[in-house]
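What follows is a set of structures for review.
The two complexes that follow have subunit A in common; it is paired with subunit B in the first and with subunit C in the second.
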Partner chain A sequence: MSRRTGITNIEILAGVLVALAIVVAVIALVKLDVTGEKGSGLGKEFIYDIEDLAKIDPNLILYEESAKAISTGFKSARAIAIDFDGRICVAGDKVIRVFVESGDLVGEIKLAGPPGCLTVTDDGKFYIGMKDHVEVYDGQGKRLAAWQGLGDDAVLTSIAVSKNDVFVADAGDRIVLHYDTTGKLINRIGARDEDKDIPGFVIPSPYFDLAVARDGLLRVTNPGRHRIEAYTFDGYLEFSWGEFSSNVEGFCGCCNPVNFAILDDESFVTCEKGLIRVKIYDPEGAFVGVVAGPEQLVEGGTARIDEWASEGKAGGFDVAVDAAGRIFILDTIKNVVRIFTRIEAGK
Partner chain B sequence: MMAENNDSVTRRRFLRHSVWGACLAGLGGTTAFLGSKSRKTDTVWQIDPEICVACGNCSTYCVLEASAVKCVHAYAMCGYCKICFGFFGPEPFDITEAAENQLCPTGAIKRTFVEDPYYEYTIDESLCIGCGKCVKGCNTFGNGSLFLQVRHDRCLNCNECSAAAACPSGAFKRVPADRPYLLKRVDHA
Partner chain C sequence: MIRLGYIIISIAFFLIVCGIASGVERFPPPDFVETGYELPSPTTPQPRQNIYEYIDAVVLLAALGLASYLVLKKRSRRAIFVLMVFSLIYFGFWRKGCVCSIGAIQNITLSVFDRDYAVPIVVAVFFLLPLVFTLFFGRTFCAAVCPLGAVQDLVLLRPVAVPNWLESGLRLFAYAYLGTAVLLAATGSAFIICRYDPFISFFRLSGSLNIFILGACFLLVGVFIGRPYCRFVCPYGVILRQLSRLSKWHVAITPDDCIKCRLCEDSCPFGVIKVPTAEWPARDYDKSKKLLALLIILLPILILACAWAVSTAGDLMSRTHATVRLADRINLEESGKVKETTDASSAFWATGRQVKELYSEASNIQAEIKTGSWLLGGFLGLVIALKLIVHSVRRTRIDYEADRAGCLACGRCFEYCPREHVRLKEAKQTVGGSE
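And then the complex of A and B:
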């Protein structure tokens, strides 16, 4: 009798063990994540997190979006300029498109290749930087000139015209080319020159912008050094401003600012890539405030910050301003133009 | 007499042996040809860097104790930046190589001074766990010259790759074994 009881106990124990093993196996199978949905399981120190950096104090934001975004229809929008009549000119794909503020397309200039930059003169001429040369068009889209090519290494990223002087930023050769309006090369500006105390441009990626300020000096970005430099037309470096900082007051990342525009009061509107921010600096380079930050400029704002890496390369937004002080941001990720107006005091 | 006749080489026997020999040689040649051809069409796992989102799953889902996925560097795309956001954390205390300023939790990225203001960045694969943190930093702020690849000096080429199954973006592909890497090019910058 006791032997039978012993056997029964062993059978019960075996049954319990088998049941336990089945339960453990089922739990293990349920918990096993072969699809990666539960993430890597790595600690916080292995996660790239810039969410806090992307947040901007709302008190620093001085502008608000004041109109519906203009869809450019481009697959790859590259540059923006405002013409004398306040029309919005956008370069992209293989065409220049001209829009009015309502978003209606009012003109097009078809090009043989993709443009890198453009500017429009007061008499309505379009100066367009192609990859390695400049082309000039009239307002009707007739090509007036195609200047001499600059070679395979040239990557033209910005162009500005001041009366009879034309300045072209060549990111590939890390140099500014100074022409007259007929395309005759006058001089090269910004090459490393210890005698002139010029450190040279550091252009890690194809973002290299310039503009002529009202003080008669040429302003050029030096993104690898995180600053904007001021040159005379004959190539002397007068001064520079800007510094690296992940804080909102400075320029973040490896190479910023990527683009800028100058307002009528001679303050600067700068664009940064990576942590996409458009900010205002006074004429001496002191931080004034923010036009828009990642929360305003990136779809989904900081909630989508994990996907920014894949958009980073397209995130070099361009910027232009009009006579009324409005800021036109060319969003090169969504290929739209967004218009921002200064928030009135007390609002 | 009969035995003598059986052992002698007749024309018919010679021809039969020759045909057999030719068939065997042909079979061997065909096997070798098919073998070499099938070797050429062998495939291995690789990550498409244009699709990879550097989620970090590769580092923990690979069956190897130390993942076969490592960060690699396309030098031709690199800006050799002084302030590289694949090397420095988003808010570095200082622009020096001190550990607290570095982004990589295992210290797998080394940098060496080239000339002002340029630095060269190299990956120490023995320290890299393939978490992709540097890849995100480089893609977000830089040219994207840092990216993840399956290193075939250690990959077991499992039929059912655990890391591929756990890849949220479908970046894993089978590629020809004689071209086992999907490298970024300068025009990707």
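And then the complex of A and C:
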């Protein structure tokens, strides 16, 4: 102890240590890179590099673009369908436009709001999914019916008609609604139900598609689970196929496929967003080949993949098929319809 | 009691105003079976499953109840210590220090200012429960439930007294920290309480080296100066101090009457034991009265001066907001002052968004933070002025007693009181007699 000041050695030591700790703490705080300006500091395992995944083996590509792209004139094209006469019907902005293969506009139906989806029946009726309700039009553009609204949460993204049954995919409420053709609600399909072994739809983004297959089962995408599920009209889940993979055989990203169509041979044509790919799967869900990949579908192809963040967001392309097996891809980035035909064997 | 009722009603209303929600997992992470890719471990803990969150809330309630019983009824430092170690293990190491009541201040603030943000129920519970218990029983949360307090309490080996003036001055930092944290959370800029939590690296056994060093420094200081984070930094402690002043029941050094033996005088490592005061000489009284009058006159000047001083740092504070930083960077790139791009600026350019739109958004945020910095400065000026006023007023005290605001209810002083020994002896005899 220092007798003169009354301060003990331990207090001097404590003072020195405390002062030292404060200096070191201040330096540690000042040197801390909280804004990430010195880089993320994360290891290689965190790097998200999809350029290699965007490249597709040319041997897997089974289709080629067979006609000049049809400009729809839309600012925001949303959905595509082929009618009984093979005409191309496109929904977008606040209108439905009907084109022939040459690209000439042959019809138009004006709508009160932006459409989300459409389908055309064999007798020429247009079933159009608006944001929260269905509207029915005849071929001349006369509105035949407007069904009851489904509430603020509803976001209708797909519609299919099979004889007297109408199925509507509601991405907002994560449910498929089963109506008759007069708009009477019959059933709700796909809600989580452990007794029926139905896991429920996982829809992280507003892409939720459905179609009725020739086998009489309803096919519905479950994008968050990366698969397509088959339901009876009564709402029983029969089977499903599809799995996550960034490789070409599977469905990539958080939630894919976003849209699909069914060919006459019951094969599936699927569209993926993010890593924009259109692919073919056989009726059992086995990967068959590619219609077009990022190289074919996005300007600049894989070289621009790191820059197309906004395009990737708009890249929920829609797809339709005609009786001849041609595939019509609605490019929602450029708002054009591109037509692909299967490459003949030996070509 | 009426005042207490008003406060409880106010807190309840405050929570109703905040959006409260229970968390739901939107969709499972993708499975990388065929590629063999393994998801890297995140540096922040995985969200806890719902059931565990509710268990955590129940454990918190039980720990607070038990702490209050041990402090006020049982008066056992040893039992408080055991509960403190349990809390350190459960809330610190097992729950990885998150959610914590201290950080919850930011969630609650953000929910008040951003209607799109909903506070998870468990976060609201972690924020609210210690406040309610403090209103009734004093700072029993600090005593044995808070893991940040516990880890510091364990390393307190050679306590050194901190002079009152220094203690009071350093405590201003906690007010500034609280005010800054509220301002930055309200503007959606940053959750600085979590970002600079010095003990989180210990609890998670991972994280930034700098934060680990910061935590180690706090613990080293804590060997000599009891609970430095709790006393001079903790923003939640600032709120608890005010509520503890109003608490219905409070820890007392002596179980019955103080005999003024002075044995407890130096027992508190946190310097919160107030000694009895002598009669106030008339001369001092007059002098103090003049000083008080002067301080009251100076109060608005002090508030304005502090508000202006802090407002000059408004632009610097706005840099904590990601949008403002991005706008600065884009401005540099646009004017050709820098050639290379950052991850954030590359992402911005890729969106095709208008630069003017970004600048406008950043300007609005800057203006909000600037206004907030005036308010923050005014708040600090008010705190400083009130502290000066409180120090200018001499209070008469006849017993040795723990300062209601500062007492952490650790129970160290109990065994220094001879009346406590008498109580224990009597209790023992009662138990023996009944046997």
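Definition applied: the second predicted complex is superposed on the first by the 299 of 347 C-alpha atoms of A that agree within 3 Å, B and C clash if a C-alpha of one lies under 4 Å from a C-alpha of the other, contacts with A are read in each partner's own complex, and residues count from 1 in each chain.
One rule holds in what follows: contacts are C-beta pairs under 8 Å (C-beta built on N, C-alpha and C of every residue); 3 or more make two chains touch, one makes a residue touch a chain.
Keep in mind the model is a prediction, meaning the values are calculated, not measured.
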| item | value |
| --- | --- |
| Contacts of A:Thr35 with subunit B and subunit C, given as first, second, both or neither | both |
| First (subunit B), second (subunit C), both or neither touched by A:Val18 | second |
| First, second, both or neither for A:Ser102, with subunit B first and subunit C second | neither |
| Subunit B versus subunit C as contact partner of A:Ile50, first or second or both or neither | first |
| Contacts of A:Gln140 with subunit B and subunit C, given as first, second, both or neither | neither |
| Subunit B versus subunit C as contact partner of A:Lys273, first or second or both or neither | first |
| First (subunit B), second (subunit C), both or neither touched by A:Ser205 | first |
| First (subunit B), second (subunit C), both or neither touched by A:Asn59 | neither |
| Which of subunit B and subunit C A:Gly250 touches, first, second, both or neither | second |
| Intersection of the subunit A residues that touch subunit B with those that touch subunit C | 34-37, 40, 43, 45-46, 202, 204, 224-226, 244, 246, 254-255, 306-310 |
| Sites on subunit C touched by subunit A in the complex | 26-28, 30-35, 38, 40, 158, 160, 190, 195-196, 208, 210-211, 213-214, 217-218, 220-221, 223-225, 319-320, 322, 325, 342-343, 346-347, 349-352 |
| Residue numbers on subunit A that touch subunit C, as the complex places them | 10-11, 14, 17-18, 21-22, 24-25, 28-29, 31-32, 34-37, 40, 43, 45-46, 202, 204, 224-226, 243-247, 250, 254-255, 306-310 |
| In the complex with subunit B, residue positions of subunit A that touch it | 33-37, 39-43, 45-50, 53, 199, 202, 204-206, 224-226, 244, 246, 252-255, 273-275, 306-310, 312-313 |
| Interface residues, subunit B side, partner subunit A - complex | 53-57, 59-61, 79-85, 90-92, 95, 103, 105, 116-118, 129, 131-133, 135-137, 139-144, 162, 165-168, 189 |
